[in-house]
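Got some structures for you, see below.
Below are two complexes that have chain A in common, paired first with chain B and then with chain C.
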Partner chain A sequence: MIDALVILLVLFAAWTGWRVFRVDSMIRATFSLMLSFISVGAIGVLLSAPYIGVATVFMMAVEMMVMGIFMVMFMMNPAGLNPMMMVHQHKLSIVAGVLAALGLGAAVLTTTLPTDPVPGETDVVSDLGHELLGPSMLIFETAGVTLLATMIGAVVLSSRRGRYGQADEGSRPPGLDPGGPPAGRQPEGEGGHHHHHHHHGGH
Partner chain B sequence: MTLTIVLLGAAALIGIGLYGALSQQSFVMLMMGLELMLNGALLAIIGLWSLALGGMPEGQLLAIIVMAVMAVEMSIGFALIVAVYRKRQADMTEALGTLKG
Partner chain C sequence: MTTALLVLTLASTLAVGAWLGAWFDRLAPLLYGGRAAGPLAPLRAGAAALLRPRIETEAPDRMNARLAPGWYLALAAAGLSVVPFAPGAALIETPVGIVVWGSCEALTIVAVFLHGWSPNAPFPLIGAYRYAAIGLPVMLPSMFVLIAAALPAESLSFTAIVESQREVWNIVRQPLGLPLFLIVGLTLTLRGPMDFADAADIAGGTSAEDSGPGRALWQGARLAMLVSFSAVAATTFLGGPLGPALPGPVWLWIKTAAIMALTVAVGHGVARTTPSRMLTILWVVLLPLSFVHLLVSGVLAL
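Moving on to the complex of A and B:
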């Protein structure tokens, strides 16, 4: 019974994952991805990893809401009224994706997988807690510090200007002559869509 | 049997995610491909831990690390998208010529 449910959820996760790149609206893509994550979380709950499963569902529900906001901010195709197909190197990507899936699938099928399920009486959440705050505490703390660094990095990257000037001040090369334009190759125009903006100079 | 199917599903998710990350032009959609690959990794970890490790708690720890990686990828990715958009008004990968090799 549980096995059948797990298999159904696996199929659903893969199908919703596929729908992410096939729907016409980015919001629908976001919710499709969220459904995929939720099915993986449900698989966790069914396969005796309730903490991981529930944490996945909570985290991904919030994360996909944030992603939805970004989708609205950067959306090309509001409401999915037009067909949306914004791809490049499409054939190469299909080949790479199929090869990756087939290669990993072949590895799974040719391996003799061990069978050693979690014993029924195991208190998995308590085990995880003791592991996190016991032998693996350093790893757990490292993840915490990494997340702190991420928060700082995200603020630094996305802030418009700091107290001491532009956020990207240190990342621009100095001018060749004092006060002159910065050295090196210039970013192409402000619009970002001018691909053939030629360099000046060399006259 | 269940483990095989779970792992095959994880392989499919990773394949779809790789396709999306390579093919999508919009930065936000590209990140969804990355997320999908991490989703596949998470599925594989959950399945292997539950059905093949006999309840070793370290397996769950690995799943938590993957979730931390998801959070890092997501927030730094969106910060980069916002920074690039501020600087270049670009929301498509093609618009970033200066990173071209």
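Moving on to the complex of A and C:
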């Protein structure tokens, strides 16, 4: 029963993972990937790792929501509903994909995986906690502090407010054609009075 | 047998609770001198919504537009499934109950976002992005509040959290917990000061293009989420099914209804600010406050 469920979830995870590259919008790709991760989390729950499994679902829901917003922001696809091609650099990505699959497959096949089932009365959540805050504390804390520093760095770099003034002060968007007038909204402040001179029919 | 009974209890709690929540919403105008409506008004409104035709926007994402209300309702049911109706009697007895509820919270943001994104229309899309921006930072106080409640219980399971409150309820030893968690509830149920998804200032936001059965189901799911959130809050801070004389489920229902009334009253009584200001409040005031709450709760639990 559990075997059958695990196989179904593996197939669903692989199918939704494949859909990430076949759909035509960033938002659809993002949430296909989320479904793939949720299936992996469910497999974790079935394999007697409830905390890791459910925490995967929680983390992936939050992370994919953040990723979706960022992808739409950076991909210039405002609603995420405009059709677009989801794959690029075909040859390089095929080579990288095949190499990664072979490498991971070899790693799985050459590792001796444990076969003994977890006894029913084991308190796996508490064991995991003791492991994380005991022997593995250094790895755990290093990863945690690195992630926190990355997050703070990203917020500082992307913040509009800063100690030396607004980040976009005096910045000009690039022109729609080479050397043309800046596209979109004109920068405020400097040169605001000849705003209408720059106005062009590019909207 | 017990499982069948718990499934039935869960379904009827959600259904009756959703009706009660809708009636509370219609009683709330009394708070500021308005007119209240009777207990049958929500049923009439629901039936009327079901009979209206559905409208179709141009080039929507049909799958997500149809499924979003279903996801929302399913998340409300999944969240309630880890709440014990009597000591030790949850439908899904898991050692990681608060993490399951946390996952339902995080996926709610995704469901509301998809509900706003899928119609391919401006107001729903604005609601979807506004809600995602506000909902994500709300997850942090939620986690700290739930972890703080897990500390005296020394467990992540709601059953253990209920057991830890036999002597004294968490609302007494962790007084900041319920107010912080109420903000999470207002966000999850798209209410009042935290309603950045479906608010009137953007013509109904993510449900601006909803009509017919889809709209009825979405509003029903909002109310079901109110029931689930209130049951989780009652379990975490008010001792859940613990209480003298009456059986466990009755105590849980009474406490859930009290939290529902409180959430509805706050939702109707507190004004909403702009998303940018709310974002500052969340990061600069509420996040440090929940840190302090966790620290104090941790020291007290030692």
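Note that in this section the second predicted complex is superposed on the first by the 124 of 203 C-alpha atoms of A that agree within 3 Å, B and C clash if a C-alpha of one lies under 4 Å from a C-alpha of the other, contacts with A are read in each partner's own complex, and residues count from 1 in each chain.
To be clear about the criterion, a residue touches a chain if its C-beta (ideal position, glycine included) is under 8 Å from a C-beta of that chain, and two chains touch if they have at least 3 such contacts.
Note that this is a predicted model, so its numbers are computed, not measured.
*Asks:* Check the residue A:Ala143 against both partner chains and state whether it touches chain B (first), chain C (second), both, or neither.
*Replies:* first
*Asks:* One more residue to check, A:Ile152. First (chain B), second (chain C), both or neither?
*Replies:* neither
*Asks:* Could you tell me if A:Val57 is touching chain B, chain C, both of them or neither one (first, second, both, neither)?
*Replies:* In the superposition, A:Val57 touches chain C alone.
*Asks:* Could you say whether A:Met34 touches chain B, chain C, both of them, or neither, answering first, second, both or neither?
*Replies:* second
*Asks:* According to the stated criteria, A:Leu5 is in contact with first (chain B), second (chain C), both, or neither; which is it?
*Replies:* After superposing on A, A:Leu5 lies clear of both chain B and chain C.
*Asks:* Examine A:Leu176 and indicate which partner it touches, taking first as chain B and second as chain C; both and neither are also allowed.
*Replies:* Once the two structures are laid over each other on A, A:Leu176 reaches no partner at all.
*Asks:* Which touches a greater number of chain A residues, chain B or chain C?
*Replies:* B
*Asks:* Contact-wise, after the overlay, does A:His130 reach chain B, chain C, both or neither (first, second, both, neither)?
*Replies:* Touch status of A:His130: first partner only.
*Asks:* Would you please give the residues of chain A that touch chain B in one complex and also touch chain C in the other complex?
*Replies:* 51, 55, 66, 124
*Asks:* Can you check the complex and tell me which residues of chain A touch chain B?
*Replies:* Interface residues on the chain A side: 3, 6-7, 10-11, 13-14, 17-18, 20-21, 26, 29-30, 33, 36-37, 40, 43-44, 47-49, 51-53, 55-56, 59, 63, 66-67, 70-71, 74, 76, 86-90, 92-94, 96-105, 107-109, 113-119, 122, 124, 127-128, 130-132, 136, 139-140, 143, 146-147, 150-151, 153-158, 160, 167-168, 185, 187-188, 190-193, 195.
*Asks:* Which chain B residues qualify as touching chain A in the complex?
*Replies:* Within the complex, chain B contacts chain A at residues 1-20, 22-29, 31-33, 35-36, 39, 42-43, 46-47, 49-55, 57-58, 60-61, 63-65, 67-68, 70-72, 74-76, 78-83, 85-98.
*Asks:* Would you pull the chain C residues touching chain A in the complex into a rising list?
*Replies:* 59, 61, 94-96, 99-100, 102-103, 106-107, 109-110, 113-114, 117, 120, 125, 129, 132-133, 135-136, 139, 156
*Asks:* Taking the complex as given, what residues does chain A use to touch chain C?
*Replies:* So the residues of chain A touching chain C come out as 27-28, 31, 34, 50-51, 54-55, 57-58, 61-62, 64-66, 68-69, 79-81, 123-125.
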